[in-house]
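The following pair of complexes shares a single chain, chain A, combined with chain B in the former and chain C in the latter.
For the complex of A and B:
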């Protein structure tokens, strides 16, 4: 991977930054995890690469913006995709934004997620680390939400499924990620649901019911030391 | 100087310990062990605790060299756990508090594990993997709470191991998990099992059902019981390490602490260590004295609460089977 330099070590792999066919790109390399059995490792890595590329393409045909997919290289366990120069991770954005702005952003998050679910795409790892806000005018400024486009990334754990159960679990994962990370989680999540309803009108009721069911299961689980 | 007495009995371990300003003076434990193929039930477990609590208490006091008059606070497990065993120990704690006229503190069991782990390993702000017979959580501290980033969405990892041990009829002495670990060391052939990770959450019930339904078939096909233990451990632990790594990346943390009974599994520790090394983080773990449920961890968490000014009214000193880690306001940490 000539010309690519290490830029971040995520949970799944290393992210390198460089240029692919003249365009700024990242290479996400799911390197061998020595801690796990080689059979399990190669199986999981293949699955994750397939899931990530499949969902990016499915998003594209549904009109949901994600990083564009450039190249999938199974031998090098690497996916090449579009790099967003001027972007901020939603987790960091929320940490410095006003409640009013956060509420608007949450509505957007819900809307994009609703659209994804309406297209049977389950993200599988919904956290505010896996969402970017990209400046549409090519500037390094993140002060005005109107200039920012919300983009979901990291589809390694995603899958295609139309049932309400998996969508409910997806929402549950998001709710819990919000609670653990952000102090105004419940306000954020309420707005997410509002946005979701707008984009997944027909599915909303059933998904919400499933979400509540999964949530109740979690609360009821007795814990023994 | 603060001296705390801690009493624990939320599951099948009865533990009592004394701690003095971070120094462990005693740590006594007795475990209720059931025959192979059987799990422990609340009623019998509580009976075991009732029968043994006085003699374990006596041992803990004698070994510590502390006289009742010198104790500053009595701490017991308020929850989570099994109702009857919890109550059997809480009654003793309440009695001692009245008899000796001492303040009483109900401690969250999970917080006990975390604070004991921090004390022994000196980890400052670790991402915590809490794995035991009843719990599977990935925890990190922020804004005066131990927040749950990931957890099992069905059964605990220890429960999955214990129930699989019953399928193979492995002995419960010293613990089913320990015996699976020894068997797994001799396993060679890896069988692919369901692998279920959802973000930072995990699910184990599918793997257990898969194993319960197919164990006989695998054995007939020429896989050994050791191979089954090996494959199960490799799969379960890979899921735990993966979700811990995800939380680590999400929180930008550089420390991992493993606590809870499954945490003394050396294969789990080894896998976690490899993951940590690959990303420049450091692993902290303890051995069975402190990993497995014990009384001194309840004393340590109670000590921290007591020193930071927490006092509980008599009416607050009840037990509760459900008591989430993130319900507790962490008053003893400044960060």
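For the complex of A and C:
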């Protein structure tokens, strides 16, 4: 793609980084899945691209910052969106931050997630690689959490759903992701729940109950398996 | 004026100019409708930033199928979140009594269109004084929550990019 270079290659597609319409941008392209019938494949891809875009817009309406969308192109199976230049993925930030700072960040993560769920947005792939911290002053400095804005990205597996069940699963996915990448996962997750409670007060109890159910099911599965 | 690069697939430039005190608006509109003049006249009150026009035009020029007749009506249509063609064209187009207007053309040379406009060209920065942010927020259904986090340009272009499959 002209003006772009390959940035990431994932299981579902490729991400290019470059300049689009004069702005720093990423182009997120989804692979053709050869084992599917071509018509079905393009239909499913189109639906995925739509739901990714829909969640990004829905977050914006709810006051949650997400990348700006520049072009959604079904033919090229690509979304062109804003690239956050002065950003670090939360995973890398946590790796070098103090426990005190991590705890504050976790509270923020929980708060944004609570707000997302309160607006019926299920992220579907909550990992610390799918969250960015963007420097608000346009500098490449990530030492002060107060200068950083937390932004969720990668809504490729998201959907709109108000049920507590799906929200509980979302939390469970996050817990598992934390456990697999961070040594202090349980402290982080406890703070996430604290933040979550602040922004999704009315839904918290039910979601937490669902989360525990899903967690218990997960334990049983790993014990049997 | 602003010259903007579009998608590499399009391989064309977009020219955006802002005019004050245009005297022959009704004449220009007639010429556009009869196909004698290839450009799009946009109401600057609803344009926050030239980038808004770039995103709408880029969408029109990369689309496989258009919804409206010409590339220029398509740009106007894309600017609106409405799926209703007439409503969109009325909302972002101009009326005979408009004196400030944005002129959008596609291609390297817009001198032919330029020579037809009887008005004063000003810097696009002057949009800041003409645009009506309240009207923009209303047109794009941007609530107070959203205004606090995203910049208004980001909100606007994201809606333009998704207008064909999301009801805003």
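Rule of thumb we're sticking to: the second predicted complex is superposed on the first by the 207 of 225 C-alpha atoms of A that agree within 3 Å, B and C clash if a C-alpha of one lies under 4 Å from a C-alpha of the other, contacts with A are read in each partner's own complex, and residues count from 1 in each chain.
In this section, contacts are C-beta pairs under 8 Å (C-beta built on N, C-alpha and C of every residue); 3 or more make two chains touch, one makes a residue touch a chain.
Being a predicted model, the structure only gives us computed values, none of them experimental.
Asks: Does chain B (first) or chain C (second) touch A:3, or do both, or does neither?
Replies: In the superposition, A:3 touches chain C alone.
Asks: In the overlay, answer first, second, both or neither for which of chain B and chain C A:101 touches.
Replies: In the superposition, A:101 touches no partner, neither chain B nor chain C.
Asks: Is A:43 touching the first partner chain B, the second partner chain C, both, or neither of them?
Replies: First partner only.
Asks: Would you mind checking which one, chain B or chain C, touches more residues on chain A?
Replies: For chain A, the partner with the higher number of touched residues is B.
Asks: Return first, second, both or neither, reflecting whether A:145 touches chain B, chain C, both chains, or no partner chain.
Replies: In the superposition, A:145 touches no partner, neither chain B nor chain C.
Asks: Please work out whether A:63 is in contact with chain B alone, chain C alone, both, or neither, and reply first, second, both or neither.
Replies: A:63 sits against chain C, while chain B stays out of touch.
Asks: Of the partners chain B and chain C, which touch A:15 in the superposed model: first, second, both, neither?
Replies: neither
Asks: So in the superposed three-chain picture, is A:176 touching just chain B, just chain C, both, or none of them (first/second/both/neither)?
Replies: A:176 contacts chain B only, not chain C.
Asks: Output check: A:125 vs chain B and chain C. Expected answer is one of first, second, both, neither. What do you get?
Replies: first
Asks: With the touch criterion stated at the top, can you tell me which chain A residues are shared between the chain B interface and the chain C interface?
Replies: Common to the two interfaces on chain A: nothing.
Asks: Residues of chain A touching chain C in their complex?
Replies: 1-3, 20-23, 50, 53-54, 56-57, 60-66, 68-73, 75, 82
Asks: Residues of chain C touching chain A in their complex?
Replies: 4-8, 51, 54-55, 58-59, 62, 64, 143, 145-146, 148-150, 153-155, 157-159, 161-162, 165-166, 168
Asks: For the complex, which residues does chain B have touching chain A?
Replies: 8, 10-11, 13, 77, 80-82, 109-110, 113, 132-135, 140, 142-143, 147-151, 153-154, 156, 190, 192, 195, 197-201, 234-235, 238, 241-242, 245-246, 248-250, 260, 270-272, 274-275, 278-279, 293, 321-324, 326
Asks: Within their complex, state which residues of chain A touch chain B.
Replies: The contact residues of chain A facing chain B are 9-12, 33-37, 39-40, 43-44, 91, 124-127, 129, 157, 169, 173, 176-177, 179-181, 183, 214, 217-225.
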